[in-house]
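Shared between the two complexes below is chain A, which has chain B as its partner in the first and chain C in the second.
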Partner chain A sequence: MKRYEMIVIGAGPAGLSAAIEAAQSGLEVVVFDENEWPGGQLFKQIHKFFGSREHQARTRGVKIGQNLLEAARGIGVKVVLGATVLGIYKNKEIAVRLEGEVRNCKADAIVIATGASENMMTFDGWTLPGVMGAGAAQTLMNLHGVRPGKKILMVGSGNVGLVVSFQLKQAGCDVVAVVDAAARIGGYGVHAAKLARTGVPFYTSHTVVKAVGAEKVEGAVIAEVGADFTPIPGTEMPLDIDTVCIAVGLSPMSQLADNAGAELVYDPAKGGYVAALTDEGETSVKGLFCAGDVAGIEEASSAMIQGKIAAAAAARDLGYITAADFETKAFGYKESLAKIRAGMFAPGNKGRTDIVQTDEGYPLSESLLARGFLSDAEAAAFPAAGIGGGGGGPRPVIECTQNIPCDPCQDVCPKGCILVGDNITALPQIAGEKACSGCALCVGACSGQAIFLVNETYEDGYGTVGLPYEFVPLPQKGDKGRALGRDGGELCGAEVVEVRAGAAMDKTPMVVMKVPVSEIARARFFRPESEGGI
Partner chain B sequence: MRIEKHPIIDDYGKGRLVCFSYNGDEAMGYEGEPVAAALKAMGVDTHRYTVKRHEPRGIFCAIGRCTDCVMIVDGVPNVRTCMTPLAEGMAVETQDGLRKAGEAHEAL
Partner chain C sequence: MAVMVRVKNDAPFAAQPDDDMVVCRCEEVTKGEIRKALHDGVCTFGEVKRFLRCGMGLCQGQTCQRLVLGIISRELGLPVSGLGHITGRMPVRPVIMEELGKSTEESKEA
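Moving on, here comes the complex of A and B:
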């Protein structure tokens, strides 16, 4: 029987990071993944990640995936694809199915990094072709270049629902509605706001009651729900859609840990049953670790760090690094982990509805939580988002109003205009005394697409708003169209006067539109004349 | 249904365009992409009908877990088309329960 020092199950961010860390310490590592492609979820994540520089913030997930793969190959990690691990037996022996054959192998340490599975929900017509998981839609469009449908209903407004909805729009689909049974949008406000301004309506306290159609989805009915989450009769509303995407949460895939005899605990904040773990990620079975979504639903950024901690602990246990070396490494990793596990969306705050103000004491925007956009009055209440009487020239307006772990805006500004501080969940502030050069780097770097460059003194009576625009076709200088508000409603005529799309923007170009000065505080998106919508 | 131009993704790394057959008709897709993706691009939504109630099923998970997308590929039933790379000359057929679509009626 083949014997390895470490077997990693799952080649997502957690598994690859664990493998790299272990190989760096000198262990012989093999990674098995059932998929034909490595990278787990990462290659579907075409958006820029949050966090700090150390977490690879403002890098797109797909790029993080490429970096991990290169690092793994560079250090001699063996990644075996199309290899499904079927079970883990006593003495850390595993059964893996490869090319139709089941083989057994053994390891001194095993890291389970199998990620999560999508939760499903049932409703009338849920089995019709055209109803699919949000992950399936993401796989089709981002990996295979095929649209999952034309007119989409998204069920679920957590970060997955919001991110996939935006990606559907980028793929050229029409997102007809995002519904969520909860009264509050579950994901980041910045993710919701970048959708809302393109005209996508949010229906919180709503659910899908049925998908209609004989051979495939030809429409759906949504309805408002009461406090008990059941539909209120008489509130049904038909929608003209051809695809329903379900994004109602993820569950850790704890089967292998269970199967190996590890103790499981039920923890709703982690997404369901997970192995009971030490803070090094070790299960109740010595030498068997869990890292990433399988240990509790979080983010790729935390999955990578968890993978490193588990691998470092295994390296110590197997005598490859000293206890002191481990402590030094673990200290840094844990600190990095604590940074991204903070803020109002931290794992420990899952499901909480009693957070009403930011750490700084500003009331949270109710409109953002219920409808996906800051109301004009609420925007004005946040110092960085409000438009005070600015002087001449461009300056940033930052509509980032919730405590999320993120600071690329501060990191990227060469002039020091934007301040987040060391606590990366703090709201970005504008350093009033610093002169903004109008370089637009912050607009391109902001993972939440929440920064706009405004200039009140462009021309007599007119100013400009520079906005992030990740859609095709990219508007060109001279194009005429409409300026849209934060809610996606039409405000006034607008003309594109400049487009910044250089490499430094990393595919988040800035479109600068000219609007009457009176609309500068409200105009946040551009719709070209020729299009009914994007 | 193919995405011609995408603001972020420049290249899907597709193989060459190849011919295959879908329920006996000539069809085209890219070599190596999942059969299910090639079918979706053609506008095919129904992959199979359930055994007992004859209900249509299509892509649901796209990662090989749910078995909703199984079809008859080169004569072999229950092939998960979301995980099966398209090859030139492949014969892909709608699966009706455990039979080929239409076969039940011919038998009568």
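Moving on, here comes the complex of A and C:
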């Protein structure tokens, strides 16, 4: 039977990072993944990621997956796709289904990096065709090029619900509503805001009570929920939709760890049953590790670091690196893990509703949490988002008002205008004394699409707002339409005076629209005449 | 490992409006069937599974485990943490017998 030094199960960010780390230390590594595509969740993610440069922030997820695969193959890792691991026996022997048969192999160390599966919820009509997981909708769109439906109800406002809603809009679907039973939107405010300004309404403290239709979904009913999360009679509201997407969380796929005899524990903060792990990611079975979403639902950035820690520990145990080398590596990895696990969205803060201000002491925007957009007054309270006192020429307005682990804006600005500092969950600040060149790199790099370039002195009485625009068709210079506010409401007429779509923008073009100076602080989106923005 | 407490809901079974809602899609088990079993003395996920087959279908409980745990927890007033989970068994994904049959010690290198 073939024996490897390390078997990694799952070619997502955790698994590939573990494989790279182990191979760098000299281990012979194989990675099995049941998918035909490498990258795990990443290969469906067409948006730019958060984090910092070391986690490949502002790179689209799909590209991060490709980069990891190339790096893995480049140092001799064998990555086998279409290979489903069916079980783990005693002595770290595994059964893998491959090319129409089941084969066995063994390893000195195994890293389980199988990720998570989507949670479902039950309601009247939930088994009708047209009700699907948000991940399934994403697979249809981004892998198969098929729209899941025309008119969508999204249930769940965590990052998955928000990101998939935006992608549905990019694919040309109408997202009729995003509902969440919680009183606060669960995902990042910047993800919610980029949806809200296109006109998508948020209903917090609401749930879906019914999908209607004989053979398939032809409509749905939503209702407000009380403090006990049950629908309040009399608040029902029918919606004209044909698809219900469910994004109510993920559960770690711990079956293989269980099968291998590892002890499982129930931990709601991690998403359900997970293997009990040491801080090196080792299970109760010696030499068997878990990393990434299977160890607790988090992010690609933390999955990558967890994979590296587990692989480094295995390399030490197998004698490839010294205990001292391991300590040095682990110290660095744990430090960067702690950095991204800070802020209001840190795993330990899941579900908390008592956070009312940012680490800097600014009051959190209630409107952003409840309805997905900053109110005009709240926006003005944040120095980087405020717009008062601007002289001539373009300058950035940064509507990033929650402590999220992200800093590409600071990283990309060639003039040093934007400061996040070492603590990557800190809010970006504008360095007042630096002169912005108007290069728009920050607009294209901001993973949250939260940076706008404003210029109050474009023409007499008119200024311009440059905004990120990731939809097709891309408006052209001279196009006329309407300027929309943060809430997606129409404000005034607008004309496109410039479009920046060069390679440096990495497919996040900036559309610059001319609006009356009085609307500059509010106008944040452009609706072309052709789409009803007359 | 948490110690399991046997609990039975002795209150007479009272029908609920959504009892006919399918919870386990693979084996077509309804909420009412699960609730009834709990009133009959069944009390862990493993027992519900053996009794009604939910979690034994194609997806091996990937969809229903969480839903069933929620129903047991509400019906018996127990925290989910003490209810156990589906045992992960080989094969964790469906596999056709022919492919399994081709599994040999000397089979090709994986």
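Throughout what follows, the second predicted complex is superposed on the first by the 530 of 534 C-alpha atoms of A that agree within 3 Å, B and C clash if a C-alpha of one lies under 4 Å from a C-alpha of the other, contacts with A are read in each partner's own complex, and residues count from 1 in each chain.
Basically, a contact is a pair of C-beta atoms (placed from the backbone, for glycine too) under 8 Å apart; a residue touches a chain by one contact, two chains touch by 3 or more.
Keep in mind that this is a model prediction, so the values were computed, not measured.
Q: Put the two structures on top of each other at chain A: do chain B and chain C fit, or clash?
A: These partners fit in the superposed model.
Q: Now for A:136: first (chain B), second (chain C), both, or neither, which partner does it touch?
A: first
Q: Looking at A:507, would you say it contacts chain B, chain C, both, or neither? Reply first, second, both or neither.
A: After superposition on chain A, A:507 lies in contact with chain B alone.
Q: Tell me which partner A:269 touches in the superposition: chain B (first), chain C (second), both or neither.
A: Neither chain B nor chain C is touched by A:269.
Q: In the overlaid three-chain picture, which partner chain does A:492 touch, first (chain B) or second (chain C), both, or neither?
A: A:492 sits against neither chain B nor chain C.
Q: Thinking of the overlay built on chain A, is A:71 touched by chain B (first), by chain C (second), by both, or by neither?
A: It touches nothing on chain B or chain C.
Q: For A:171, using the defined touch cut-off, is the partner it touches chain B, chain C, both, or neither? Pick first, second, both or neither.
A: first
Q: When the two structures are overlaid on chain A, which partner does A:355 contact: first (chain B), second (chain C), both, or neither?
A: neither
Q: What is the contact status of A:102 with respect to chain B (first) and chain C (second): first, second, both, or neither?
A: A:102 contacts chain C only, not chain B.
Q: Is A:380 touching anything from chain B or chain C once the two structures are fitted on A? First, second, both or neither.
A: A:380: touches no partner chain.
Q: Can you give the closest approach of chain B to chain C, taken over C-alpha atoms and in whole Å, for the superposition?
A: Closest C-alpha pair between chain B and chain C: 5 Å.
Q: For chain A, give the residues common to its interface with chain B and its interface with chain C.
A: Touching chain B and chain C on chain A: residues 34, 117, 127.
Q: Considering only the defined contacts, which chain A positions touch chain C in the complex?
A: 1-2, 30, 32, 34, 80, 83-89, 95-98, 100-105, 117, 119-122, 124, 126-127, 251, 253-259, 263-264, 266, 268, 272-273
Q: What part of chain A is in contact with chain B in the complex they form?
A: It comes out as residues 34-36, 46, 60, 117-118, 127-133, 135-137, 139-148, 170-172, 215-216, 470-474, 507.
Q: Show me the residue ranges of chain C that touch chain A in the complex, using the header's touch definition.
A: 1-2, 18, 21-23, 25, 31, 60, 62-67, 80-81, 85-93, 95, 98-100, 102-103, 105, 107-110
Q: Which residues of chain B touch chain A once you look at their complex with the stated criterion?
A: My answer: residues 1-3, 5-9, 12, 14, 33-34, 37, 40-41, 45-47, 55-65, 68, 82-83, 85.
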